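Same chain, two partners: chain A is paired with chain B first, then with chain C.
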Partner chain A sequence: MRASINRPPTPDVDEEKRDEPTLQDIINIKLIESGEKENLKELLRERLIECGWRDELKAQCRALMRKRGRSNTTVDELVRNITPKGRAMVPDDIKAELLQRIQSFLMSVAL
Partner chain B sequence: MTSLRKRSVGDEYKPCQHLLNYKARHGVRGFHILQKCLRIRPPGRVSIKRDEKEVQRCASCGRARGRLYACLLCATIGCWVPPDMMHARSHALSRPGHDLVVDVDRAELFCCICNDQVYDPDFDRAVICAQSAALYSAGSIVKEEGVNGFTGVSLRTDREKCLIDMDQYMLDGSKKSEKRRKTRRVEYRPWVPSPEEQVVLRHRSTPLVEDGSLPSGLRGLNNLGSTCFMNSVLQALLHTPPLRNYFLSDRHNRTLCQHRASHICLGCEMDAVFSAAFSGDRTPYSPAQFLYSWWRHASNLAGYEQQDAHEFFISTVNGIHANSGTTSPRAKHSQSSSAGDMDCRCIIHRVFSGLLRSDVTCIICGFTSTTFDPCVDISLDLEPNIGSDKSFTDSNLANIESGRELKGASGSAFPGASTLLGCLDRFTRPEKLGVKEKFFCKNCQLPQESIKQMSIRKLPLVLCFHIKRFEHSSMRNASRKIDRYVQFPFSLDMASYLSSSIVRLRHGNRLLLIENEGYEQQVPSSEFELFAVITHSGKLDAGHYITFLRLGGQWYKCDDAWITSVSDEVVRASQGYMLFYVQKTLCYKASEFSTGRENYCWIEQNGNHFNPGFLSNPLLENGVSA
Partner chain C sequence: MGSGEVRYSSLAAGIFGDILDAVIVDVASEAHRAARLGFDRRLNTEEEEELRLSAQARAIVGESVANGDTSSKYTIDVFGQLHPAVASEIFECMNCGRPIVAGRFAPHLEKCMGKGRKARIRANANINLSQQRKVRSSPLPSYFPGGPTHTSVSSRTPPTQTSSLTPEDTQKSGLDPNDGTSEESHDDDDKVVIATSMCTSLCTLNLKYYRFPCD
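Let's turn to the complex of A and B:
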């Protein structure tokens, strides 16, 4: 365990043996590598707060917690229950804006 | 009557058995190692990476999707994409003891067996220490071994002395004030007059007239020509519990006040209005002398024009503060303090003065500059006005000096009806300062884009909210009034707008600040109760002010000379312009220059329902009540 956290990253050879990464995975990794994902996350966070999504989601979580009782709810259950609702609640214009940003990022990488 | 709030998550939280086992076997060493892998991004977001360029993937499937967790024992990264991709969980199940993982995106502990987030004060301390260290990594820092072997940071260079390490500052501050409070907070003892005092009270004071039908002090005020702005504020001030108790217990005696001979003294005028209102006479009173003195005090506002009630309020409280010529020589201290001073002992600042905290965080390096500003009221913005002038930072500085606070609009709308809580959320939420108003970051030595966040460091005894019901359009170069309904609660809990809550929120779900006992209790009471509402009807330049007052559980409408009792619904439906809230539970502090009794005269438990028994009498000997 000692200093084990500093062990070298898993060699890439291992990964190639596994099933082919999907296009989605490749884009995701590109976004992380370039640091663009952080920017997108920050933008998304800002937008979701602005439009009231965050408050609404918080209220839903509270309601669920109240229904189930504080001691018998786990974070994992909360995430499972709320995620579909949360996804459905994201306004379309925010999705469009993010898609636009991802597209222009991919264009700039491809060029 | 509410008891002192003791809300501490730390009391209720019990870590799971797996976390206890982990700590029993491995101690806090793993956290120490983990500290080196923490990456801090402004504003205060923490993630875990072995090096800056690393792209974390699940060791089993090679994907970087969903939540990723790193095992605390062997650093294996596993994914958590319910329902089928749970490699972090299978890792924990296949290797006993490898139950605890850390979320790589958030640096929070998770137990794979319980499927739940877990909290550990030592872990949180490690994270917060790393966060603080990151803030200073650009400058030269001296590291020293802190508690539990974690790295603490101490500031040595001159430049850094002026930087405020948020966490250390808050913790040290709370410890210090904790100590101070312990010595200064005293228990409530009702004042029982001694036999001699009883004699004096009987002979030298006037009992309040109780006529049963209306609460004492309720008296209409005649309109002296567009003076409803004054009447509405006076009514609110007359029934502000601590102010009322102060004046009715003869703490500012107009016949003994030395100020009166040489200057205009608004305190004396206020004393006269109090005497008139509580005299038992119900025929409307004309506060002409008060108006005249106020004109002389604020000569720029003199005249029979309509004025803004809020402006009048600010001008009046400043006037009372400036001439707080109490007859008590012990209170002479207060004369030397400047306006808006937190330590000012004058009645106005003891009642209305709060402290606002403003944090400006550079988004490039994460350096936070914290400033504290006193305020006597809180001005709240309504929904933003599109296309408004955004250069509010300069005006902000100017306004803070006069005890007022402005916050710019930032282009968003909240759903549904406007509420006071919504306005408070807006007031305290992090706000990105635009490109135009770059803040000079002391750490980068450059003007940088930044995030500003307001919070309330110290709550006043009486909270006065001013809802900014006017907007200025730079396009039309005209101002107009916003006639929007703002819902306000009768009972208000300010806990979530306090600096302690807001700063904690910025750090995420860390136990540390809660663990520090007394952090929460630093605020004796954050629960407030509405007692006065000033409403405005009409346009920006002409209209009418009415005050709703709550006395003994009943609401009264004070419309100049006319006073009628109204139902709660009428008040709820009104268009509030200024809202006055009083703390539900008042606490007692021993004062430096008093024998102890002085304090009890003006602070009474649950002030709103306290009925002062005696009316101010100019003949009452100073020694008895002061």
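Let's turn to the complex of A and C:
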């Protein structure tokens, strides 16, 4: 019983200090709720596998792990290292396709 | 409209970046896991050596194609191994238990399992026999040389005639089981029919390899 008196203040106090949810957040939530984010992710994954992007990136990971030793590399290191490469390697047409789909979703959400 | 589109495009780019990051993390974690658990065969060989190996394999295959060797009895695969056109390994057929050469397995299965004429006749005889067996209340004597009906009747009906009578006999025996009430009176007829179809089966098959479902 005592413990409940000493518990931290209820979230009401905290919430006022936080910013209003940004536009980005609202859209993100809408994306996830409607399931469109999953669809887009699957579409992107499929396209990237088809064009060989995934295999190239995996080869990069392997090269990195060979250099730094198999047991030494963490997932974080890998991610930090390959993210810029991965972003640059995406073919333009795939990028355009995805962007178009996202934009049509945004318009359908009627902002 | 213009400003709206611009806003959209930066938003869209941001969302795209999110999704792309997620996919990249997936790739990284999968590669990491494969390396850590020892799945990844390519971790050690890699790069120049792999290029060399694949170029080598392609060269071997290309050679044989260029020389017109594809018509020869042996085909070469990417590892440089030779394979004869017809497989020569011997194994047991799972249907009849005979040792079969792998290259001749397909035609053997056709005969063994039932596309061919003989197999169909055998199958029909089998069905009719099992139908009669179900209809009869008393169990039949064993099929192999033990049963008295078999030996007494076979002397009456010589093998040469039975082969021509087979279609009619099997039809008759097909009709009989439906008539359940008049079993007793048709007993003798049944015996004749059974014996004739048995003779047919035994004549058309190799006795050694025949198997009954009741075994």
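Quick notes on this structure:
Just so it is clear, the second predicted complex is superposed on the first by the 93 of 111 C-alpha atoms of A that agree within 3 Å, B and C clash if a C-alpha of one lies under 4 Å from a C-alpha of the other, contacts with A are read in each partner's own complex, and residues count from 1 in each chain.
The rule is simple: a residue touches a chain if its C-beta (ideal position, glycine included) is under 8 Å from a C-beta of that chain, and two chains touch if they have at least 3 such contacts.
If you're wondering where the values come from, they're calculated on a predicted model, not measured in any experiment.
In the overlay built on the shared chain, the residue A:79 is in contact with chain B and with chain C. Touch criterion not met for A:89: it reaches neither chain B nor chain C. In the superposition on chain A, A:62 makes contact with chain C only, while chain B stays out of contact range. In the superposed pair of complexes, A:50 makes contact with chain B only, with no contact to chain C. Residue contacts after overlaying the shared chain place A:21 against chain B, while chain C stays out of touching range. Touched residues of chain A, counted separately for chain B and chain C, are more numerous for C.
In the superposed pair of complexes, A:29 makes contact with chain B only, with no contact to chain C. In the superposition on chain A, the residues of chain A touched by chain B in one structure and by chain C in the other are 28, 74-75, 79.
Listed in rising order, the residues of chain C touching chain A in the complex are 4-5, 8-9, 11-32, 35-36, 40, 42-44, 46-47.
Of all the residues in chain A, the ones that touch chain C in their complex are 23-24, 27-28, 31, 37, 40-41, 44-45, 48, 54, 57-59, 61-63, 65-66, 70-71, 73-75, 78-79, 82-83, 86-87, 90, 95, 98-99, 102-103, 106-107, 111. Chain contact summary for the complex, chain A toward chain B: residues 1, 3-7, 9-10, 14-15, 18, 21, 25, 28-29, 32-33, 38, 46, 49-52, 55-56, 74-77, 79-80. Taken in their complex, chain B has these residues touching chain A: 26, 30, 33-34, 36-37, 41, 50, 53-57, 59, 61-65, 70, 73-75, 82-83, 110, 114-117, 411-412, 414-415, 425, 429, 432.
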